[in-house]
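Multiple structures are listed underneath, in C-alpha cells.
Here come two complexes built around chain A, the first alongside chain B, the second alongside chain C.
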Partner chain A sequence: MKQHIWGMLTVLLGATLPFSGSTVLADHRSGNVVLVGGAISQTGRYAEPAGRQYNSVKLWVDQVNQRGGLLGHKVLLTMLDDKSDTQTAIKLYEKLITEDKVDLLVGPYSSGITDAVANVTERYHMPIVAYGAASADIWERGRKYIFAVNDIAENYQKGAAHLAKQIGVKRIAIIGEDSLFPRMSRKGLEQWAKQLGLQVVVAENYATQKQGDYTALLQKIKAQRVEAIFSNSYFDDAAAQIRQLREMNYDVKFFASTVGPGLPRFAKDLGPTAEYVLGFSQWEPNLSLGHPGMKEFIDAYKARYGTEPNYHSASAYASMQVFEAAVKQAGSFDREKLRDALSTIQVRTMFGTYKVDEKGMTNHEGLTFQIRNGKRMIVWPPHLAEVKPILPVPKWSER
Partner chain B sequence: MEQAEIRRVYLLGAFIVAAFATPFAVGAWSGNIFYDRQWLMDLITVCLNGLLQGGVYAMYGVGLTLIFGVMRIINVAHGEIVMLGAYLTWVLFNAPEYLGLGWHLDPLLTMVITLPIAFALGFAIQKVLLNAVVGGPELTPLLITFGVGIAMINLVEWIFTTDYHTIPYQPDAFHITETIFVGKNKIISFAMALAISLGVFLFLKLHRLGKAIRATAQNPEVAMVCGIDVQRIYLVTFGLGAALASAGGALVSIQFGFNPETGVQYTVVAFAIIVLGGRGHYLGAMLGAVLLAVLENLVSFMVPNGSAMVEMAAYTMIVGVLLIRPQGLLGVKET
Partner chain C sequence: MTSREHLRYLAYLGAFLVFLAVLPFQIGVYYRSFVMFTMMWVVLALSWNIISGYTGYISFGHVVFYGVGSYASAILVADHGWPWIPTLLVGAVVGLAVAILIGYPVLRLKGPYFAIAMLGAAEGTRVLVTVWDSLTHGGLGINLPNVENSMETYFAMLALMVVTILVSYWVGHSRFGIRLNAIREDELAAEALGVNTTLYKMAAFSLSAVFPAIAGGIQANKTLYINPDGEFLLLITITMTLMTMFGGKGTVIGPIVGAILLYLFQEVVWVKFPFFHLIMFGAFLILVARFMPRGIVGLFIARGWARKGMVH
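Up next is the complex of A and B:
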C-alpha cells in the first residue's frame, strides 16, 4: 500500500515537472490538434447570459475549423461548468491549465468569477480575453495576462444618468445585488450622478439570491420621493422589481437596469410590464452600428440557435476573433508571444474595434436602449440612437 | 402550567415585541421614518405586503411540517417540489399557446391538474424510497431526499435549461384605498394560500383520514394497534405534503421568477418557518410564516441597507425564540 502511494506521488510529480516552464506548444498533442478550454456557468444563476457566450464560442470553433483551423491545427473545445460558483471556477481553471494543458484559455462569465479566475491565469501566464467581465477593478490590479473587450461596469448606467439629467430628474435611487459587478456599476453611477447633479437619496445593496420580493425596498424608495430608479441587476431581480413597481402603482420617471433587460427573455416573459424600461447593452444586433462581419455573425448564430444574438453572444464571439488574430500575429501558441500580440494588435471585430491600453482595457462604448413594443431600441449615445426615448415613461394607470 | 413555563411565555412575548420594535427604532434613528400620513400609509402597505408574502411562505411551510410531524422525516427536497410545481404551472399555462390555440390556461385552474400530479409524485417517493427507512435514524431519509432534490434539479435543467421563467398573471395594482396599493396577484395568491392551508387544516381536524394522520403523528404504534394502516398514512402524508409544496410553486410562478435552482431558497424559508412555529405543528407553521415575512419587510423598509440584512434579522429572531422556547412558538415539548 505504502509503495503504491509513493508510486502515485512519483507519477504526479513527473506529470507536473515538464510544465513548470512557461511554454506549451500545440505540437505536444497528437493528431495536430489545438485544445481550447474554459469553464463557464452552464447551470446556476448566470446560466442564461453565460449560455449565450458558450453558444458563440461553439459557433466560432466550428467556423474556424471550416477555415482550416488555427495555424493549421484543428481546434478542439472543452468547456466545463462552474455552476455559477466562484470556488468551482477556480478549481476548474487550475485543472484546465495543469491537467488538461489547454493551449488557449477562454473566460468564464461574470465579473466576480473572472476576477477570481484571473489570479489563476496570471500565475500560469495564460493570456485570457475576458468577454464575461466588465468591472474595471479586474484591470486595476496590475495584471498582465487579461484583456478586456467590454465597456466597464462603471459606465453601464452612464447613458441612463445622462437621460435623467435631460428630463430634469433630481432624486434618484441606486439598488443592486451585493456582488462585484453591481457594486462597481453603482460606484460608477455615483460618480456620474455627482457630475450631473443628481441627488442619490437611497443607495442599497440587497442580499444575493434573495427571495424575490423587493416591495418593501421599493416602498422605502417611494417614501423618499425618488423620481428614477437605477437598478444594477441581473434577470430575476430586475424582472421582480419592475413587476412590483407596477403592483405598487408607483410611477417613476424611469426604471433603468443593467443586465436583465438586455436578455431577450425579459421583454418576452414580462410583456407590457417591460415596456419603456431602460437597459444597457454592449452591442445590439443592429446593422446600423456598422461593424464589419455583423450580418454574417447574426445570420450564422440565428441559423444555428434559432434566436437572435444579444451582446453577451457578440462579445464572446468578438473575443474569439481577437484570439484568432492574435494567434496569427504571434505565429505560435506560446503564452508570452500571445500575450504580446494581444496587448499590441488592433482588430476590427463585429463587436467594435479591439485595441487595449497598457492596463489591458478597451475603450469600447456601450449603448443604452429602451424597450419599445418588446424590442430593444437604442436611445443613447445620441449619434447612435434609433428612436427618441419616451421619458418620463407613461403612468401605469395610463397604459 | 408550571410557573417557569408561564415565565417563559412572557419572556417570549417580550422578545418578539422587541424584535418587531427594533426596525422602528433603527428607522427613527436613521431618518427613514417620516411623521406624516403618507408615510403611515406606506407602512401599512409594507405590513400588508408582509402578511400576503407570509401566505406564500406558509404554503412552503405547512407541507414540510406535516411530513416532519407524522414521520420525523426531514424532507430536504421540499423546495425542489415547490420548484417543480412552479414549472408544472408554467408548462400548463403555456401549453394551449404552444399548441397554437392562442390563449393561456389560468395558472390557478392548472392546480386541478398539478396538485394530483404532485400528490402522486410524493406518494411514489414515499412508497419507493422512504417507507423502508421511516422510524430509523433521521439522517437516512435526509440523505435520500437530498439525493432526490438534486436529481430533480438536474432533470428540470435538462428539460427546460436554467433560464428564469415567470408568469405575468394579473400584474396590476389593487387599490385598497386612495393611497394603499398591493399587487392583484399577491391578493389572489394569499387567498389561495389561506383557502388551501385552512382546507387541509380542517381535513386534519375533521375528516376520518385526517384524524388517522394526527393519530399516527402522536404515536405510530398505538395508531397501528387501533387498526390504522400506518404505511398507507405515510403515503398519503407525503403525497399531501408534496401537493401543498406544489401549490406553493404555483403561487411562486405568478409572483416571482424561478429557475431549476431556486428550490433551495424555498427549502431554507420552509425550515426557518417550521423551526420558528414549532416542528410538526400545523398552525405554528402558518404563524411562523407571517411573523417571518412581516419582520423581513419591516427591516427592509426602515433599516438603512436593510434589504441586505433581512436574513440576519430573520435568523436572529429564530435563534432568540429557540433559546427561550426550544420547541418553537406553538410546538409541543418532546418527551
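Up next is the complex of A and C:
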C-alpha cells in the first residue's frame, strides 16, 4: 500500500517537470523574429468590431515585414480568441506575457475587457496601446503602461448634443446598455446636456443581452414628449431601437447612437430605416480628413478584405504605426524604454496625431456623421463637415 | 463498502493533494492560473452534482451562487478594504442565505418547473445586481486593487476543492446520500417511507450553494474585475452541467473527471479553432448525449472497466 502511493507520487512529480519553463529573453528568439501577440474577441458579441481590428493588425504585420521588419527582426503574430469574455482575456494575457513572452503586446476589444486586462499588463510593466477602448476610467486609475489613441466615451454624443442645441431641441432621452462604455458615454452626455441647456427627461440603462424588445422603453419616452433620443448602444440594440421607432411610427427630431451606426453593417442591414440616423465615429475613410497615409491604408485594406475600413480598423492600424515609431525611437524591445518612447513621442498616423498627456490619454477628436443614402457623411465638427445635416429628420410617413 | 476501501480512496486523494501542493512552485503564473481555474470547475461541477446529480433536481441557475459569492467578496475588498480571505466566508454565508431564500419556495416545484424557476432566479438576480447601483456599481463593474496573487488564490482554491471532494464523498457514502437518491428515484415513495424530503432537499441545495459562492469569491480576487454579465453568465451554469453529465452525474469521481477533461480540452484544443469550437462543442454534446448518457464513469462501469464502488 505504502509503496503504491510513493510510486504514484514519483510519477506525478515527474510529470510536472516539463511544465517548468525556461526563460526566453525578448528579442533573442531563434530565427531573428519578434513576437507580437494579443487576444481579441474573434467570437462572441464583440466579434464584428474586434474582427475589423484584427484585420488591421494582420495587414500591418505583413506590411512591416515587407519593409524589413522591426529593427531588422521579422514580425510573427499570435492572436488568440477571448470569446468576448473578461475572464478568458485575463488568462490569455497572462499566458502571452509569462509563457509566450511576446515582445510587443496588442490590445483586446471593448472598454470593459481592456480595463480588466490593464491590471495584468500593468503588473508586468508591459506597454500597450488600447485601440479597443475609449472609457476615460481606464486612464483615471494611475496606470503607467497603457496608452490611448481614441477619443473618450464621454465625447461620443458631444456632436449630436451640439446639433440638438442648433435645431432647438429641448427634451431629450438618454438610454443605453448597462455596462462600462455606454455608462461613460451617458456620463459625458449628461454634462454636455447641462452645458447646452438640454433637458434630460428620461435617462435609463437597460440590462445587456436583452431580447431586443425596447417598445416599453420607447413608449415611456414617447409619453414624455421627447424630441431627440440619444442611445448609447452597440449594433444589436441600436438596430432594434430604430426599427421599433419606425414600427411605432414615432417621429423624433433625431436618433443618435454611439457604436452601432459606425459599423458598415448598420446601413446595409437596415436599409431605408437607417437613413438620417446620427452616429459617432473616431475616423472615416474620407480623404478630406487629411491625415498622411490614409489613401494607402484604405486601398490596402480594401484590396485585402474587400470592404472599406471603418474607425475600428483605423484605430488598430494607427496603434501599430505608433508602436512601430516607438520601437524605432527606443531602439529596442525593452519594456521600460518602450514605455518612455510611447509616453513622449509624437507620431502622425493615418488616424490623426498621436501624443499623450501624463495620464496616457490623447486629445484625438471624434466625428459625428449622418447616414445618407446608405453612406456615413460627416456633419460635425463644422470645419470637417461634408454635408449639412438634414435635421429634424423627415417623418416616417413622408419617407 | 469496507473501511479499507475508504482508506484507499483517501490515500489516492492524499497523493493527488501532495502533487497539487508541489505543482505551483514548479510552474509559471499562467499554468498556475490554469490549474486554479480547473480546480474551480471541479468545485462547481461537484456542487451542481450534489443537488442535481443526487436528487435529480436539475438546477439551471446554479451560477447565481457563484455570482453572489464573487460580488460579496469584491464589494468588501474594493469598497470596505477587507483582506480577501475573510470575505470568502461572508460570500459563503450570502450564498447560503440566497439558497434558503430561493430554495424554500422553488424546491416545491418538480421536474422542468424547478429547472425553469432556477433559470429565472439566476437571471432575476443578475438584473437585481445590475440595478442595485449603490451597492454593486451596476454595469460599471467592480475593479479590485491590482495585486499578483496567483499563489494565494491557487491554494485557496485547492483547499476549497479538497473540502468539496470530501463532502461529496461523504454525501455519496452516507445515509444522507441514500435518502437523496431515494428522492431522485421516487419522491413520493421516499416520503411514504418516512424521509423528510423537504428537509433533505433543502440541505442538499444549501450544501450545493456554499462551495460555488466561495469559488466565485476566489475567482473575483484572481480576475480583479467583475461585472454582472460576467458573474451571472448562463454559460457558467451550462458548463458545470455539461462537465457533470460528461463525467457521470450522481457519482463523486464523474464531475471531477468531466471538469478536468472538458476544461483541458477547451484550453488546449478549442483555442486553436476560434470559429469552429462552437460547432465542435455542439457536436460533442450531441455525441455524449447519444452514446454516453451516463458519462465516462457510467461507460466504464457498463463495460466492466471500473467497479461500481467508484460510483458512489
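Keep this in mind: the second predicted complex is superposed on the first by the 372 of 399 C-alpha atoms of A that agree within 3 Å, B and C clash if a C-alpha of one lies under 4 Å from a C-alpha of the other, contacts with A are read in each partner's own complex, and residues count from 1 in each chain.
Going forward, a contact is a pair of C-beta atoms (placed from the backbone, for glycine too) under 8 Å apart; a residue touches a chain by one contact, two chains touch by 3 or more.
Please read these numbers as outputs of a predicted model, since none were measured by experiment.
Chemist: For A:Thr43, using the defined touch cut-off, is the partner it touches chain B, chain C, both, or neither? Pick first, second, both or neither.
Modeler: Both partners.
Chemist: Is A:Lys337 in contact with chain B, with chain C, with both, or with neither (first, second, both, neither)?
Modeler: Neither partner.
Chemist: Identify the partner contact of A:Glu247: answer first if only chain B is touched, second if only chain C is, both if each is, neither if none is.
Modeler: First partner only.
Chemist: Thinking of the overlay built on chain A, is A:Arg123 touched by chain B (first), by chain C (second), by both, or by neither?
Modeler: second
Chemist: Once the shared chain is lined up, is A:Lys222 touching chain B (first), chain C (second), both, or neither of them?
Modeler: It touches chain B, and chain C stays clear.
Chemist: Between chain B (first) and chain C (second), which does A:Lys95 come into contact with in this model arrangement: first, second, both, or neither?
Modeler: Only chain C; A:Lys95 stays clear of chain B.
Chemist: Which partner chains sit in contact with A:Arg141 here, chain B, chain C, both or neither? Use first/second/both/neither.
Modeler: second
Chemist: For A:Lys58, is the partner it touches chain B (first), chain C (second), both, or none of the two (neither)?
Modeler: Neither partner.
Chemist: Should A:Asp236 be classified as contacting the first partner (chain B), the second (chain C), both, or neither?
Modeler: A:Asp236: touches chain B, not chain C.
Chemist: Shared contact residues on chain A for chain B and chain C?
Modeler: The overlap between the chain B and chain C interfaces on chain A comprises residues 42-43, 178, 205, 207, 209.
Chemist: Quick check: in the complex, which residue numbers of chain C touch chain A?
Modeler: 8, 11, 14-16, 18-19, 22-23, 26-31, 33-34, 37, 126-127, 130-131, 138-141, 143, 146, 148, 219, 223-225, 227-230, 233, 271, 274-275, 277-278
Chemist: Residues of chain B touching chain A in their complex?
Modeler: 32, 34, 38-39, 42, 45-46, 49-50, 53, 157, 161-166, 168, 171-173, 175, 181-186, 255-257, 259-261, 265, 269, 296-302, 304-308, 310-311
Chemist: For the complex, which residues does chain A have touching chain C?
Modeler: Contacts found on chain A: 1, 5, 8-9, 12-13, 16-17, 19-21, 42-43, 80-81, 85-87, 90-91, 94-95, 98-99, 112, 115-116, 119, 122-123, 137, 141, 177-180, 182-183, 205, 207-209.
Chemist: For chain A, which residues count as touching chain B in their complex?
Modeler: 42-45, 47-48, 51, 175, 178, 204-207, 209-217, 219-220, 222-223, 235-236, 239-240, 243-244, 246-249, 265, 269-273, 396
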